[in-house]
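By letter and in written order, the chains are A, B, C and D; residue numbering begins at 1 in each of them.
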Amino acid sequence: MNGFDKVVGSYEEALAGLSDGMTVISGGFGLCGIPEGLIAQIRRMGVRELTVVSNNCGVDGFGLGVLLEDRQIRKVIASYVGENKLFEQQLLNGDIEVELTPQGTLAEKIRAGGAGIPAFFTATGYGTPVGEGKEVRHFNGRPFILEEAITGDFAIVKAWKADRYGNAIYRHTAQNFNPMAATAGRITVMEVEEIVEPGELEPSQIHTPGIYVNRLVLGRFEKRIEQRTVRAG
Amino acid sequence: MALTREQMARRAALELRDGDYVNLGIGIPTLVANYVPDGIRVMLQSENGLLGMGPFPTEDAVDADMINAGKQTVTAITGAAIFNSAESFAMIRGGHVDVTILGAFEVSVHGDISSWMVPGKLVKGMGGAMDLVAAARNILVIMTHADKSGASKLLDACTLPLTGAACIRKVLTDLAYLEIADGAFHLKERAPGVSVEEIVARTAGNLVVPSDVPEMRFAL
Amino acid sequence: MNGFDKVVGSYEEALAGLSDGMTVISGGFGLCGIPEGLIAQIRRMGVRELTVVSNNCGVDGFGLGVLLEDRQIRKVIASYVGENKLFEQQLLNGDIEVELTPQGTLAEKIRAGGAGIPAFFTATGYGTPVGEGKEVRHFNGRPFILEEAITGDFAIVKAWKADRYGNAIYRHTAQNFNPMAATAGRITVMEVEEIVEPGELEPSQIHTPGIYVNRLVLGRFEKRIEQRTVRAG
Amino acid sequence: MALTREQMARRAALELRDGDYVNLGIGIPTLVANYVPDGIRVMLQSENGLLGMGPFPTEDAVDADMINAGKQTVTAITGAAIFNSAESFAMIRGGHVDVTILGAFEVSVHGDISSWMVPGKLVKGMGGAMDLVAAARNILVIMTHADKSGASKLLDACTLPLTGAACIRKVLTDLAYLEIADGAFHLKERAPGVSVEEIVARTAGNLVVPSDVPEMRFAL
């Protein structure tokens, strides 16, 4: 192969270099489209004092929630952290710090991090606790607050299919935060359900161009469902 | 009589126009989708990246990769579009969603809204609510007129931390439909059988009552 | 049909309401992926004093260049305006104003306009004529300048296929500025090579969700090539 | 002897590493693609939205919808990706492109570059050049050492309006390969047959000359 072949043979290789105190950006929304195997590998590695950037922090015993069990996370930047008793307990004990960020601002901060935009103005959060201490500026007579970009030492991402160059597509709403996370890691690691050969994905239909992906690993996924809601057949 | 949840949803649905893109919050707002009037079609936006949300799936169609912003399994309608979270909030923040309907703890005469944080209780997060209220041109808040202890939720100033400032113009409660303008709630409709006096008594914030307050209707 | 059917029957309907002095954002790069028919309609309408936002301004007699012939354009915001003698002449005569904007900054300003971001910081243009008069701020020790969003009264966009709801896909590099332009018009008008029924496009593969599109018209395209370069077969 | 355009392209190609994503400007930089050393693969980014640019098409494969940033008809390699202009410059601005090679009118000892505007001449625009120089971590400027009148293009300060400030670290001219650091050009290699004295004479900006300046090589 060649220098563009991003495939690595194991989760160990995929996360080599991740160490204590690093910032990890994770794709996923709730338990949908989360990099299950990479999270499990972080647990196995035992790295600690992590800052985790993710819309949510998993549930008890699944997703990012598993990193709470051995207290590997020092700080979480998220928009919503319910659904997790261990998290609540560590938060109340002061063992973990949480920086709540509006969901759209979080998505945009990660996009900005990947896109070389150090900061942007948004109306979201003005006049609320989120806006406290942030610069306010008016444009067209309306107040906006300044929000800064987020980047990570690692980004962990889950896609559906990727070719060996790391060009990837996501399935349904499992896309969510994954494409932004992929752009914002100093090292971006992607796990996928299927690795295909270059050329199998239509170039204009690629969600994440391979330039953002450093390591690609074939994963296996449980795909747990958080709220199974059905209607009568 | 105070409105039932279903009546509130039915009245709220009358705010929808054919061709509206709509974001519905959890709780009563979600029910609004069940009462869209005949001849009107709306398309539901779910902020995790789905435009054209359909009903829950049948058991055999459940797919872990297909959820809504409430993390429930859902379907997509024919003609739906799916995209990433930055795009989804670009759509919201940029004002492209026509109507947002969501719940609240408190609303003020200045259009401030508190809906995400009760000091002393564990704070789970604002999710997408702050983005939605900061961006939508047309927001309808649905909530009970008073909290469980009977205290009014329509106030001169919110007592809880805000979700957004000066962004709410319309409030539907179990007692009334009100519009917010010029630092006051303007009573526009009352629930059937509910007197103006009762609404006045249960509204803490500055309330403007016109000479005629019609009873609420539930169909166009 | 219903309120989501964006199809209109003619170019006249497509651009109804466009009037003198308005700002029009156009998709396209060079002559690739330009809304040919909508531009021709603007010429037929004879509206004047337009501000045109587009990466380029066409060539003599084709693309946005045709709007120069009857002096319909007062100002152009673009990254590159070569290839056009009439443009040069009007610029030298002072008949037209040009605001040169770096290509990436232009793309981001239009995206920001559609995304409700009033302004953002970028390193591009710092220390150059582009940065003059703009606020400078340092992040991580590096200087950046503040750039403001662009929105238009109208956006004119060319896509490949769209369904009746306005969900659209672009073909090859004819994508370019079109998806951003589509988000930033108060009224966005799209012309396409083919109109399909809802459901024919895969939801996760749609480039421009229909929510951004107000009017959709079936177009015909010459697709002129600016630099025909070939290799021996 | 001053280098030919082909020699300059050949020398520049030695800066490329296997797996590099590369943006090539028009002119000599474009030629670099023809001299990528054996065993090295690079992927070309074209800022109009193409990652994995291939050669020009054969006559029967010409497609108006498939062009590069120079507006030339091109092809895409197997495994290419195509995207919009905002994404393309997010990629560039975010520092994801490994190497940028472009031309210039002037370069200064501080790494400033002028490449887009000559006062008094009609200004056509900067295109994507300002974004590229502001963003790339690794930029190689290729230009002649002197302009047509013989005036040095390597200066203590640029005289023309800048394309970017303090962003250039490497310059290849027809006479030499130089690196920029600490407010000086550092002479690293000289073109075959060109003396250090000639380079010194033709370099207006502060030049640091080490005791040994090897002749340029054109293969690894």
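The rule we apply is simple: contacts are C-beta pairs under 8 Å (C-beta built on N, C-alpha and C of every residue); 3 or more make two chains touch, one makes a residue touch a chain.
It should be emphasised that the depicted structure is a prediction, and the values quoted were computed from it without experimental measurement.
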Checklist entry - Looking at A-D and A-B, which pair shares more C-beta contacts? => result A-B
Checklist entry - Taking each chain's centre as the mean position of its Cα atoms, how many Å separate chain B from chain C? => result 35
Next on the checklist: Based only on mean CA positions, could you tell me how far chain A sits from chain B in angstrom?
Outcome noted: 29
Item to check | Chain centre separation in whole Å, for chain C relative to chain A (CA means) | outcome: 32
Checklist entry - Residues of chain C touching 2+ other chains? => result 108, 111, 115-117, 122-123, 170-172, 175, 203-204, 207
Next on the checklist: Two or more other chains touching the same residue: where does that happen in chain B?
Outcome noted: 76, 82-83, 89-90, 92-93, 135
Next on the checklist: Dump the list of chain pairs that touch, please.
Outcome noted: A-B, A-C, A-D, B-C, C-D
Checklist entry - Which residues of chain C touch chain D in their complex? => result 29-33, 55, 78-82, 88, 91-92, 100, 102-108, 110-111, 122-130, 160, 170-180, 207, 223-233
Next on the checklist: Which stretch or stretches of chain B touch chain C in the complex?
Outcome noted: 17-21, 40-41, 43, 45, 51-52, 76, 78-83, 87, 89-97, 135
Checklist entry - In the complex formed with chain A, which residues of chain C make contact? => result 108, 112, 115-123, 137, 139-140, 142, 144, 148, 169-172, 175, 203-205, 207
Next on the checklist: Show me the residue ranges of chain C that touch chain B in the complex, using the header's touch definition.
Outcome noted: 2-4, 111, 113-117, 163-165, 167, 183, 198-199, 203-204, 206, 209-212
Item to check | Footprint of chain C on chain D - complex, ascending | outcome: 46-50, 55-60, 62-68, 70-74, 76, 82-86, 88-90, 92-93, 112, 117, 122-131, 134-135, 161-166
